[in-house]
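One chain, chain A, appears in both complexes that follow, with chain B as partner in the first and chain C in the second.
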Partner chain A sequence: MSTKNRIGVVIGAVLILVWCLLPVAWIISLSFKSQEAITTGSPGFLPRDGGGAGWQNYSDVIADDQFRRAIFNSIGISLIATLLSVIIATLAAYAIARLEFKGKKFVLTTALIIAMFPVVALVGPLFDMWRTFGIYDTWLGLIIPYMSFTLPLAIWTLSAFFREIPWEMEQAAQVDGATSWQAFRKVIVPLAAPGVFTAAILTFFFAWNDFVFGISLTSTEAARPIPAALSFFVGNDPFNRPASLLAAGAVVSTIPIIVIVLLFQRKIVAGLTSGAVKG
Partner chain B sequence: MTSTVVAPDSKKDRRKTAQMSDRSKAEERLGQKLVLPAIALMLLVTAFPMLRAIYLSVFNYSLTAPDDREFVGAQNYITALTDPLFWETTLNTVFIMVVTVAVELVIGFIFAMVMHRVIFARGVIRTSILIPYGIITVVSGFAWQFAFSNSNGFVNEWLPFLDNSFNWFGEYGSAIAAIMVSEIWKTTPFMSLLLLAGLAQVSEDMLEAAKVDGATWWQRLWKVVLPNMRSAIMVAVLFRALDAYRIFDNIFVMTAGAQGTESVSFLTYRQVIEQFQLGIGSALSVLLFLSVLVIAGLIVKIFRVDLAAARQEG
Partner chain C sequence: MAAITMKNIVKRYGDGFPAVNDVSIDVQDGEFMILVGPSGCGKSTLLRMIVGLEDITDGDMLIGDKRVNDLAPRERNLAMVFQNYALYPHLTVYENIAFPLRLAGAKDEEVDQKVREASKTLELDEHLERKPGNLSGGQRQRVAMGRAIVRDADAFLFDEPLSNLDAKLRGQMRTEISRLQKRLGITTVYVTHDQTEAMTLGDRVAVMKRGILQQLASPRELYENPGNLFVAGFIGSPPMNFLPAEVDGTTVKLPFGEVQIPEEKAARARGKGLLIAGIRPEHFEDASVVDPSKQGSTFRAKVDVVEWLGNEAYAYIPFEAPPEVQKQLAQLEKDLDGESLRTQLVISLDGASRISEGDDAEIWVDTSKMHLFDPSTGENLTVDESRAGRIPERENPEAAAQAERMADEGDEIHSADPAAQE
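And now, the complex of A and B:
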């Protein structure tokens, strides 16, 4: 790499870090402004002298039962939905990228239509259905729609990945006597794992991020996920949002994301940069 | 491209036709088995609600007076399509979509190239880029709303040409800019991750060969890198554009639709959830869905990639 390119990469790397972390630093900083300072007005990036709250906002938020419960709900629901969705999507994407069969177009079209459908329009009828089935305001009641709505993204991402895999290796395995299923499991799964991990992360974040289902298919803390809980968290005065309290809640709700990103990130790096997928 | 039932292998070798057709039958069964769970699940949650939305759209139906439901045919569609508010909202939504996706594509590609080439602090950079993506949109909306706020924010202080009391949410231009900043910040990582995945598939040997042949950096980018990652670009643009067109959370949190910043999803939500107008709300949903279909069709056409035909093309 030339020196010029190297400087460009360094500048780019710094830009990425600033881009990604500045708003995070801001919301952390905001979470340390005292609630009194927020009410009277406290402009600026950092809390002013005397306008700091210490850990007060955090202890207030963590002391809140509903908030703790919402974190638990979000982690459980998102993880289960991700796991199931990625397994199902991997099977489907393999078939789409690799096999010839009737109905392939139908699958892709259905996936696309579902990925596009305005969620707001579905919640009314879903509300009715879930009450009939008795899964309204339960984990299952959110896991099912999360799976359905993450499948299109997972299928499309994975089939784009699977296109690029050197399939001759699978054919070689089949020539050596492996069945289609064996070739899939023994040869393709290890090669496809990097793509699957990327799809898993995209899926998890989709479920974690959902707002519309979260508010409309739950009514109590039994299943209410974080985004909905945060939006209900308006404090005593609905006309003056408790910005710093909300910020503390936002930071707490971001911690699980950072943990999961750290866990998965190595696998993505290994997967995306290894030569395994390259032709 | 029409769907091909015959396995391509059989075209190459006609002597084995009988044997191959057995094989392609097995392949067909396996393929259908593998997609069955996905199809079943997707239809379960969407087919009925979708049909119901279409059904309700031809009624004058309000949840506040469910017994007064009456069939009105296309009346809801006519009402929506002749209301200037619908067109203002649509225009605003298209504006948000085009600007955010264009900006994100450029920034996301730059980020992807940096992440692809960077040799230090890879872990830190890739972890950082996943943070905005993982952060809840509602949180991003709050963070940027407070950042732009003139009582508790920092943006006015940091921008030398702005008065510190400037109210970003007081007029359309600045309010929509604030919404777009939140949207772009939050979703650029999605773009760059998918593009990075595409970049990782571009053969280093090919790039090396182009370099040996004297291609400049710019030529290698346009003649080797971009054409080889077309399907990754399509997936990224397609999903982001469709997602941007349905923008809801950021507007909900940041302006609640004030100053004409309302999107089509938000308008629909107001009709269904706030005003209980299920009839016209469903009609708006169907219109929203149709316009999204048109956008998807356009993008697939522009990039000329057919995932189902991928095998033949490759």
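And now, the complex of A and C:
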């Protein structure tokens, strides 16, 4: 690569980074300003003299019972939904990639159609149904829609992954004396691990970031997840929303996501299958 | 260890395509059997039916005395080396080799002892802790073999194990496999499309075409007594020369002149009109370097191209063939996965020969080794049946004809649906 090219790449990367990270940086900046400084107008990126709040906003947010409860709800609901979704998707995707059965196309198209359905269109019916079933405002009431909306993506991702794994791997395992289940567990699942973790991350994102279900299918802090909780976070004066506190809350609520991504990313080792077959 | 017996095995796919058609092969205990043929001849399918990865449509598959048609692969106790090796990339070489033992629930000490033994045999000791991704092609191939020999399997099955290696390594691994098989004395079925591997490795070779067994014989028998045009063209490199010929008395009229053949050969081919004569390149020679006392005929021809290789030289002499012979030869080339180019004679000359390009040379031919084929059926009229192994077409012409018809139907299915080719 010539120097000219390299400079171009660096400039491009910086532009994209600024474009993507500026809002995030601004949220972080806001979260360190005091409420007064924001109300009176504080356009600078760094807090002006006396306008800084230090860690006060963060300790306030964390001290807040509602907020802690919402974080707990979000983590619990998202993790359970992710786990269930990935397990079901793994089994389904394996069947789709490997077995010939009637209705295979049907399953795949149905999955795609579900993914195309606008979430908002389902909120009304779900609200009614969940109240009748008695799972309105419960974890289960959120886990079910999260699962059903993330399954299609997970199934498609994973079945693509399974298709990449050479048939011979399982056949070799079977000839070596494995049952179909052993071949799946000892050979296929380890090989598909990057795919499984990719699907898990995507599912977790969806569940964590969801707002529409979170706000419509909950009414109390029993199950309200963090995005919905943030919108209810009005403070003392309903006409004057505590922007700095909200900013701090938003920053805190992104931390679990970052942790999860870092954890899973290590598992997504690309090219794990290289060396299985020739080349 | 056990014999493998295939009785009238048929494999028909869902779309009706017959991949394997009425094939009967008996592999004796400890024998090295080769299944060979051009791509799409059903050899791999047959192997996969032995191991149980492919359902058997009809016929009986016996390992030892047990019918295994309905047994799962793991119940057949066979070991297989796949074409792409199919190593488990997430496991070390050690664990790859140990995999079958672990599945069988062997104790750690036993696993360790057997894995070390196998790795010593295959010289994999220094690679045991590496992952397959970091190994070279030849090393991967040896790991795949290690995984096969570590168990006490009844038979080894190889599916084109050397086709992914470069030429030099292929030669080395070939002798390695041969040595290993001789030492272990285990029944082996080996699939290849390479006639050199077939000739060098096999105790016996089964030549297949379009799902039909053409001939089952030792390499020498196949080479000296091919049952039909296909086998004759497939076995040998450079391949056998095919020339239009007419027999009159003991005289054979070839494009280059007339030669004499022994009476017993002539008698079988007399009165059949236009035939195809098959002569191997080494049965020709530069007349000037041949001992005059040797039996044979000579003719003169203009040499087009000479390829000198040191120990020998190949001379090429183009000739014209009548349309019906040309058609048959073109079809043969197609069956052999080749392309029909010009009809030419390939002659293997002694390294001492001074014939050069453009010469009008005197060529000697050993006519006692000549074969004569019927152009319409491809059948070898001069075959010595007592030394040609098994030729199913001769044992039971009706069944063979029936199988041919089914193969034709299969071709129609596939030509109608190009997507099914794969």
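Going forward, the second predicted complex is superposed on the first by the 229 of 279 C-alpha atoms of A that agree within 3 Å, B and C clash if a C-alpha of one lies under 4 Å from a C-alpha of the other, contacts with A are read in each partner's own complex, and residues count from 1 in each chain.
The rule we apply is simple: contacts are C-beta pairs under 8 Å (C-beta built on N, C-alpha and C of every residue); 3 or more make two chains touch, one makes a residue touch a chain.
Small disclaimer: the values here were computed from a predicted structure and weren't measured.
J.: After the superposition on A, what does A:Met147 contact: first (chain B), second (chain C), both or neither?
T.: The answer is first: A:Met147 touches chain B but not chain C.
J.: With the two complexes superposed on chain A, say which partner A:Ala63 touches: chain B (first), chain C (second), both, or neither.
T.: Touch partners of A:Ala63: none, neither chain B nor chain C.
J.: With both structures placed on chain A, which of the two partners, chain B or chain C, ends up touching more residues of chain A?
T.: B
J.: When the two structures are overlaid on chain A, which partner does A:Leu263 contact: first (chain B), second (chain C), both, or neither?
T.: Neither chain B nor chain C is touched by A:Leu263.
J.: Look at A:Val175 in the shared chain and tell me whether it touches chain B only, chain C only, both, or neither; answer first, second, both or neither.
T.: second
J.: Applying the document's definition of touch, where does A:Ile114 land relative to chain B and chain C: first, second, both, or neither?
T.: first
J.: Do any residues of chain A touch both chain B and chain C, and if so, which are they?
T.: 272-273, 277-278
J.: If you look only at chain C, which of its residues touch chain A in the complex?
T.: Those residues of chain C that touch chain A are 51-53, 72-74, 78-80, 82-90, 99-100, 103-104, 131-135, 137, 140, 147, 151, 164.
J.: Would you pull the chain B residues touching chain A in the complex into a rising list?
T.: Residue list for chain B touching chain A: 3-8, 24, 26-32, 34-35, 37-39, 41-46, 48-50, 52-53, 107, 110-111, 113-115, 117-140, 142-144, 146-147, 149-154, 156-158, 164, 185, 188-190, 193-194, 196-198, 200-201, 203-204, 217, 231-232, 235, 238-239, 242, 246, 248-249, 252-253, 264-265, 268-269, 272-273, 278, 281-282, 285-286, 288-289, 292-293, 296, 307-308, 310-311, 314.
J.: Quick one: in the complex, what on chain A touches chain C?
T.: 166, 168-169, 171-179, 182, 187, 190-191, 271-278
J.: Taking the touch rule as given, give the residues of chain A at its contact with chain B in the complex, in rising order.
T.: Those in contact with chain B are residues 1, 5, 9, 12-13, 15-17, 19-21, 23-24, 26-27, 30, 33, 38, 41-45, 88-89, 91-92, 94-108, 110-122, 124-126, 129, 144-145, 147-149, 151-153, 155-157, 159-161, 163-164, 180-181, 195, 198, 201-202, 205, 208-209, 211-212, 216, 226-227, 230-231, 243, 246-247, 250, 253-254, 257-258, 260-262, 265-266, 268-269, 272-273, 277-279.
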